[in-house]
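One chain, subunit A, appears in both complexes that follow, with subunit B as partner in the first and subunit C in the second.
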Partner chain A sequence: MNWPIRIGSIVLAIVVCFGIQYLATTMLKSDGQRLVALAGLYVTLAVSLNMINGITGQFSIGHAAFYCVGAYIAGFVSLRFFQAQPLQPVLWLVVMMVLGAAAACVAGFVVGLPSLRLRGDYLAIVTLGFGEIIRIVIQNTKELGGAYALDKIPAIREIWLVWLLAIVTIAVSRNLLKTARGLAFLAVREDEVASSAMGVNVTQIKVTAFVLGSAFAGAAGALLAHYETSILPTTFSMDVSFIILTMVVLGGSGSITGSALAAVSLFYLPEYLRSQPPVSGASLAAAVIVIVAVVAVLRRIQHHYHGTVAKKVGLYIGSIVGGVVAKLILGALFGLIPAFAKASYTGDKLRMVIFAGTLIIVMLLRPQGIFAHHEFSWTLIRRLYDKVRGKGAQGAPA
Partner chain B sequence: MSKPVVLDLKDATIRFGGLIAVNKVNFNIHEGDLFGLIGPNGAGKTTCFNLITGVYTPTEGDIFFKGNRINGLAPNKIAARGICRTFQNIRLFGSLSVLENVVVGGFLRHRTGLLSALAYLPPAIHETAALRVQAMELLEVLDLADVADVRSRDLPYGKQRRLEIARAMATGPELLLLDEPAAGMNPNEKEDLAETVRLIRDNFGKTILLIEHDMKFVMNLCEKIVVLDHGEEIAQGPPAEIRNNPKVIEAYLGEAV
Partner chain C sequence: MDSGLHLVAGLDWGALPQNLILAIGLGAVYALIALGYTMVYGVLKLINFAHSEVFMLGAYTALFTSYWLGFSPEALQQASRESNWLNLLMMLLASMVFCAVVGVIIEFFAYRPMRDQPRIASLITAIGVSLLIQYGGALVLPVSPPPSINEAVNPYRGSIPVQLIAQNPALAAEAAKAKEAFDVADAAFQEQMKAERSEFDLSPRGLELRTAKQVAERNYRTVRKKAEDSGRELSIPKGQMIMFGTTVMLMAVLTWLVLKTRTGRAMRAASHDFDTASLMGISVNRIVTITFIIGSALAGAGAMMQATFIGTPLTTFYAVSLGVKAFVAAVLGGIGNIPGAVLGGMLMALAETLVVWMGKSEWKDAIAFVILIVVLLFRPGGLLGSAKVEKV
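So, the complex of A and B:
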């Protein structure tokens, strides 16, 4: 192990986190800062779900439940004890993160052990059910705010800590994959029967991944509670679980950096849409028709064209440019129809449509996710570049 | 024949509903044996392997490994006792590299904890490096060193079969079960394989039980053979005896062998 590099990268990570905090607090208003913090939390959530779904190949769809457990435990304890305790707020926040993580660990173990012993997709159903149970329990517990918010949680807003947690989550995932022990997690994803024949305790691996992923979500929850100071059961609804899941699927199940990048992009997408002017019905209809057509064309090229990679990429770009032109023409034509021209939709309303649409398109064109199981790195970029450029010799029809 | 018994099946039986896939099968394998298990398709050979490796629990009868009863143990526990297998319908970890597949086979030799791996501490790093070196040595033995970094899914069929053997060897088994290791190989590859299997027995001291359809391969390689038909054991003995056994000829070999 190379200690100087190691320590250097830890210092760098902390510096980057403080840099993010510095930029956010000097350049953004409080709602902008909040978005930076939430984006970091979503990176943690997506990357931690990726440990369970991507790396270990399980299918948890209720990740928000563990986020919720962490948030409520930390919020509740802080509300009661923050005033009376002697620690610095930042240290207290770290203690609360550990507490949130521990609580989510326990919840993960209780939920995971019975369902992961069984084959099939029990985990999906159980995690979904668990989210609902947690919500109902909170709604019926006066001490946790009931159906109203648990509020007046002491505000401890440390954007750097949020991003440090995200980086730690990424680092831990990556470390796992670099060691022999981590390969067992991938092996379980690839083939459970073969893994157990090689002496791997499959249930133990699955539960470990699940508990670990839950712990990070719990720590994120603790940070959320102290950032927002007020949390509701609906803060952790099924929508949130669905969005986290979408991030992992889009990024490429198993790809750590893919999950992280998808988390940031998908998190900012709705905010971006909100800032956009409304689109007309004509434009929307044209866009939908053209997207469907372009996706169909891209799929045909993908599966039926066997030329060089460079030519294939050329065709892809050609069809997309063609699509953009077609959309403009079609939009103008539709604009002549009064009913189409008058209707208008705000970006906010289209949010879920765009989410679902993106998911469908990725599933059609690249079912393994944008990054598949690759990691984003300079080597990947170089490989892609080489593939496009130097493929001539290899890709020539045999 | 004073070598100790490694594997002992006593009336091993399994029913799937009305079907008795393996019916009161008895045989024992001594240390260092190169033992063949043959029979027509659907005779219950793979199911026998599944019984021995804990994929299924026998509905009746017992299986002993080095004198200890192992039926009812989970597959990973049986692997830890020292039995490992390959699969007829190749089950590699497809998206992992050839080397990584073999490293997973070394899982039983992990000593460092999860925390060390998560923090990427020296114990985990060294262990990983050591397991990779061992894996590389096994790849040399199975003549796969040149494709160590290839994704296992992309290997040609014959090499995938060899990789299955390398991966099983990595668990450090005393008893190695090979399910149709030569299936889909060409004659040259088969010859190489036979040599490798013999080498694994002679130089690595493994006991080997193998299922194979290619009679030439089995008869040349194995010193003792059990024949199954419809889940029942119909013959047992050295190749020369099996070849001339009328029951075996009728059920399996046909007139021409």
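So, the complex of A and C:
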């Protein structure tokens, strides 16, 4: 059908990847480059978890396990055979990605099987348990480095490949939803019993979702192993699973755009805060009080104000501006108390606090996630624009 | 390679009863935390990830109460003090009350606004609250070096020896004789030592006496070990017994509360069907608050006892793995089921202790999940729970 458009978008994707690589290598130091690569990996992880959680409606909170399997298999094989093989490093990396993906597929299949019997929270805790078991098994296997790092993995650092994987993951998710088979995934999410009555093979769909999602995580793991050159079992702890899950839910469960954008922003938020100057205790206390108050006010406006959209947005902005002013005044007042003024907190210590606070605030104000179930499209933007202009209130646009 | 048979043969069966006793104390802690998870889940269908942080705050409350009672490291350096049961009771109550308050605050600010929303949203909020308390707590609470409750505050240190099998009288007599010989040799050596200049520069006579003493000592130790091995003694740590006793007492109160009171009936109704319960005139907000009060107070009790009797160094992250295991225990017993939580907690502690007893302590953390997965595959509702069949 639209072959020119298809080929065009593939070329565009590759160009974008090399563009990212070019920008990162020319403008950033090695730390910054590493962050760009890790951000790409998190996009892959979030979008692939979104396939399991958001699109198919299964409740997996052990995604780091697949990441871990991919990383360790690829790292182990590379460590043994990289010197003896004839391939170019980049090609070898691609082979390792395939290997990592295959190993993670097997793990995904094993974890996916209980999902046939278990639902909701029970499935969640089993996936969490699988993740922990895999981590502990690695910790107790001497050949994989045990509790110490598996290191001296050959370094093959290709940022473009990382982002290409991210784009491929996004493309596969998106195209899946455009096919009849993809609709079956959505049907399983909405109602298992009903979709099975409609002839959907629920078992197959669920296991496919797990296998597909874990394959991408495994490939991401292989890239991580070759980028970092040394991996630890604790790199893949429960916290990582939780952070990936948070990216999916915060972006909006089921929304690919949401997962990808939330992955980038949630990954960069703590890294950005790490380098921030220290904050005084007075300022911190004032900020906490004001944030709680502003969130309460915003929630009130959200639920109890029934004016036009434009006015509502005005009220939102007004209360945020008011909050900033109140914070400055309170901060100055608290500064008069010596104990408050003396205490000082570095950005490095505060970053996870702010991360956690952001999660809670976003969930309180927008429980369906930033993008809810929407995807990015020009139509969506026009509709939003119309809504703010007040046309949406009259109920017209299609 | 060690085969299964080798594994069984290498076990120290004699140490088993002692290990089982240790499992009881740990099981009590798991059970107390698991109860909090299971009650909140029963009513709200929410995995309260912040519960382990409530537990952590309970341990810190106990720590600060013990400081306030005069058992801080500085105060103890100036003068050593003896404690009594009243101090322990005050620490217990302080922990329970503080945890209850924290639990209610968390519920009010973080979970109540999310009640009408999809459950995954409240789950993320719970993770957020958990991270906030961990990292926010690290800003204000002492974490490094990790403080721990001084054992001076615990008047019930040591353990009660219980004789299971009496020692062989002949061996015991031999041991007594060996001890006598050792005492004589030791006395002679000590006498000589008074004349010597230093222990490292002995005269020939001194050297001879020292060798004699060492031989006697070695002989005495061998004979004593033989005598002890002929009998079997258990030492029951007093702290573990108190933990177990308190847990049983709290459990009895909880069972009475849930089964016999009006509030308990309302709680069960809300757990059965939240919406219908509210239509029947039950104030579900009140019930949820009470659930959080009870669950958090139990966690506080568990935290105080764990920190005092087992004496863990405290950081704001120390409760995470404990919390996960307790949650697994709750799921194992059948989440939402109160006796199930206790059973799950005890089983979890038992499995862990047995793994350590088998000399595989590095697998301690994995066993919990292995058991969980196996049980859930065969009984998807947990041991005491019932799996609901979905109706169309």
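Quick notes
The criterion applied here is as follows: the second predicted complex is superposed on the first by the 388 of 398 C-alpha atoms of A that agree within 3 Å, B and C clash if a C-alpha of one lies under 4 Å from a C-alpha of the other, contacts with A are read in each partner's own complex, and residues count from 1 in each chain.
Here is the rule we go by: contacts are C-beta pairs under 8 Å (C-beta built on N, C-alpha and C of every residue); 3 or more make two chains touch, one makes a residue touch a chain.
Only a predicted model underlies this, so the values are computations on that prediction, with no experimental measurement involved.
For the composite obtained by overlaying on subunit A, subunit B and subunit C can both be accommodated side by side without a clash. In the superposed model, A:K311 lies in contact with neither subunit B nor subunit C.
In the superposition on chain A, A:T179 makes contact with subunit B only, while subunit C stays out of contact range.
Contacts of A:A187 after superposition on the shared chain: subunit B is touched, whereas subunit C is not. Legend: residue contacts after superposition of the two complexes on their common chain; A:G357 is shown touching subunit C, with no touch to subunit B.
When the shared chain is aligned, no partner comes close enough to touch A:K387: not subunit B, not subunit C. In the superposition on chain A, no contact is made by A:R34 with either subunit B or subunit C.
Figure note: vertex subunit A, arms to subunit B and subunit C, all at CA centres after fitting on chain A; angle 90 degrees, rounded to a multiple of 10.
The partner of subunit A that touches more of its residues, comparing subunit B with subunit C, is C. Contacts of A:S195 after superposition: subunit B is touched, whereas subunit C is not reached. For the three-chain overlay built from the shared chain A, the minimum Cα spacing from subunit B to subunit C equals 7 Å.
Subunit A residues 193-194, 197 lie at the interface with subunit B in one structure and with subunit C in the other. The residues of subunit B lying in touch with subunit A in their complex are 53, 55, 74-76, 79-80, 84-85, 87, 91-96, 100, 103-108, 110, 112, 114, 117-122, 124-125, 127-128, 131-132, 167-168, 170-171.
Against subunit A, in their complex, subunit C makes its touches with residues 41, 45, 47, 109-110, 113-114, 117-118, 120-125, 127-132, 134-136, 138-139, 320, 324, 327-328, 331, 335, 362-363, 365-366, 368-370, 372-373, 376-377, 380, 390, 392. Every residue of subunit A that touches subunit B in the complex is listed here, in rising order: 1, 172, 175-176, 178-184, 186-187, 190-191, 193-202, 208, 212, 373. Residues of subunit A that touch subunit C in their complex: 53, 59, 114, 117-118, 121-122, 124-126, 128-130, 132-133, 136-137, 139-140, 192-194, 197, 238, 242, 245-246, 249-250, 253, 292, 299, 345, 349-350, 352-353, 355-360, 363-364, 367-369.
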